[in-house]
Amino acid sequence: MSYTFQFGVLAQYQDEILNGIWLTIKLSVLSILLGSAAGVVLASIRSVKGGAARFLVDAYVEIIRNTPFLVQLFIVYFGLPGVGLRVGADTAALIGMTINLAAYSTEIIRAGIEAVHKSQIEAGEALGFTRFQIYRHVIIVPAIAKVYPALCSQFVLMMLASSICSAISTHELAASAAFVESQTYRSFEVYIVVTLIYLALALALRACLALVGMWLFGRRVARRTMTSLPEVQA
Amino acid sequence: MPEVIVEKVHKSFGALEVLKGVSLSVGRGEVFALIGRSGSGKSTLLRCMNGLEKINSGHVEIAGHTLGGDAKALRSLRTDVGIVFQSYNLFPHLTVGENIMLAPRIVKGIAKAETQKIAREVLQLVGLLEKFDSYPDQLSGGQQQRVAIARSLAMRPKVMLFDEVTSALDPELTEEVLTVMETLARDGMTMILVTHEMAFARRVATKTIFMHKGTIWEEGPSKELFANPQTQELRQFVKSDVK
Amino acid sequence: MTLRTFGFNEFGFLLQALQWTIVLTVIALIGGGLLGFAVALARTSRTKAVRIAAGTYIQVIQGIPVLMILFLSYYGLSLAGLELPPLIASGASMTIYASGYLAEIWRGCIQAVPKQQWEASESLAMTRLQQYRYVILPQAVRISLPPTVGFAVQVVKNTSITSIIGFVELARAGQLINNATFQPFRVFIAVAVLYFVVCYPLSQLSRWLERRLHAGSNR
């Protein structure tokens, strides 16, 4: 094997790569904000016993978690125009990512809610809290603090999975890589560099999430966020 | 020639020195009881004797082996030194019989039929022959601890170490374990036990050692030691136990 | 050219492609299982350098997109002068991907076996290998079943990514049929349903195993 690596040729595509990074970051941050907000709402709806709402949330979560992200993107991007909804590639990517992340967030937060002890709710009642106060201070905030590291792992996985959006021509980082590769034919160099960029993005995202965790929930949660590897959510 | 010799053993965990130069010697067939408050170093001393804790300095000879060789030498030492723990530590995925037969078969290479014979014999000794095919979680704590003793005995050890083996047991279950240990002592096994059972130490142990702050604070023949404690610390310790 | 519609034949084609999805999943789980097992053992090694190397491997695999693993294996292997069918490149990348996650799952399971089990077996003069073989792994395997089955669901789903380098598994078959029929909504829903039919029972199995593990004894 006599292959000479040439990383130099990539330098002139710096802007292309930077644009890809920027879109990856935008998509990730937006889908994390929207997806986790939806997760809180859906997990809350689900925590009400009985009824159609709970069934619908469960069905949504199971459907999303048991089908590939790529196919979800195909349905949003290629399928929705068929039923009269046309969306651009970037919007389709954001919709797909949000729908996907919302389902996982719902499932993770649900587990956190179920871990809250009944005695704590009773303590809240004994202190004369209103139902909303109990829900906010005794149930949802402690639940999220508890599962925050797991949520963050899912956020990192989503950022990495955003690379799949290149398959529906969203011009994020992986698509930039494919473009540079088609221009230079230095496939291996391009993908090594871009892989390292993803690795750096994953570390940076985790560090940012740990800072947010420290601000929201304190030092202990932040430390768990930094050290826990992505957990596998079945 | 003593069966166990411990000389000037020092042991630290980080900055904390738990053993500050401990020496003792146990003759064949003797039973030594180590007593003292928690944190006095008695359990650590016991665990140093079979190499579960590495000593920082000093010298340990036990059952004809010297501590400090390579991994193979350590395994050879351990075939002659049995240890029983507070939390039984039976293998939960194996039956009582399998728990006992495993080490003789894979460590000593004894044929399966022979290990079965050994297992029945040691189970008979601890009075649990009928539990041969039971799993550990089907037994009471006292029964599990007796199986753990049988498992050690199946290796035909020359010395047995007992680390607070009744501390996790209810009083009525404690008795059945102590009875087994007393039988062993009568049969001439060399034993060192860390224990909170003062009455048992007094009755069964040939010698009792009171440890305090990582040193041997006071030692002597058990009956004398308990009847006539010389130091303030031991007097207090014995008194607090009576309560 | 007349457009075909999505009918019985097309569905048959999807079913055929589903078999390749399953083949790829099995390759990934076996290959990734073997490699991941080795990494998990290295992660619990007594030698610090080995532990760090294994930890770095896991961190890197879990810190990069599966798509990049796929591209790097695809182009990397062809760089080595190997003109590879997509199945090999896909199998190799899925193996590497699975190994990084299985290693971490299994490390957790090995370390979930109480420390006292190590001490008890060590005190019975077992070698390190004997401790693993007779005492630690049999217990770790039981603990590992629910998360391993759960991870199998992830693998099934992520094999869809190999469609991007042209391996004709279920997702790629869906694209091909869509190109011929131009009924994307119908085609991709059918594809999603097929994935669901494979993944949902596995997810439920994982949950059932999890419940049984928590409810049951240690055997």
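As written, the chains take the letters A, B and C, and residue 1 is the first residue of each chain.
One rule holds for everything that comes next: a contact is a pair of C-beta atoms (placed from the backbone, for glycine too) under 8 Å apart; a residue touches a chain by one contact, two chains touch by 3 or more.
What you see is a predicted model, and the numbers here were worked out from it, not measured in a lab.
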Remark   = One chain's C-alpha mean falls closest to the whole-protein C-alpha mean, and that chain is C
Ask   = What are the two chains with the most C-beta pairs touching?
value = A-C
Ask   = Just how far, in Å, is the C-alpha centre of subunit C from the one of subunit A?
value = 20
Ask   = If you average the Cα atoms of subunit A and of subunit B to get two centres, how far apart are those centres in Å?
value = 54
Subunit B-subunit C separation of Cα centroids, rounded to whole Å = 46
Query = Could you say which residues in subunit C touch two or more other chains, in rising order?
reply = none
Inquiry  = Show me the residue ranges of subunit C that touch subunit B in the complex, using the header's touch definition.
reply    = 114, 116-117, 119-127, 130, 134-135, 138-139, 142, 217-219
Task = Spell out the residues on subunit A that touch subunit C in their complex, using ranges where they run on.
result = 1, 3, 62-63, 65-72, 74-75, 78-83, 156, 160-164, 166-167, 174, 177, 187-188, 191-192, 194-195, 198-199, 202-203, 229-230, 232-234
Key: Touch list for subunit B against partner subunit C, complex   = 50, 52, 71, 75-76, 78-79, 82-83, 85, 87, 89-93, 102-103, 106-107, 135-137, 151-152, 155
Residues of subunit C touching subunit A in the complex = 58-60, 62-68, 71-72, 75-76, 79-81, 101, 104-105, 147, 149-151, 153-154, 157-158, 160-161, 163-164, 171, 174-175, 178, 183-186, 188-189, 191-192, 195-196, 199-200, 202-203, 206-207
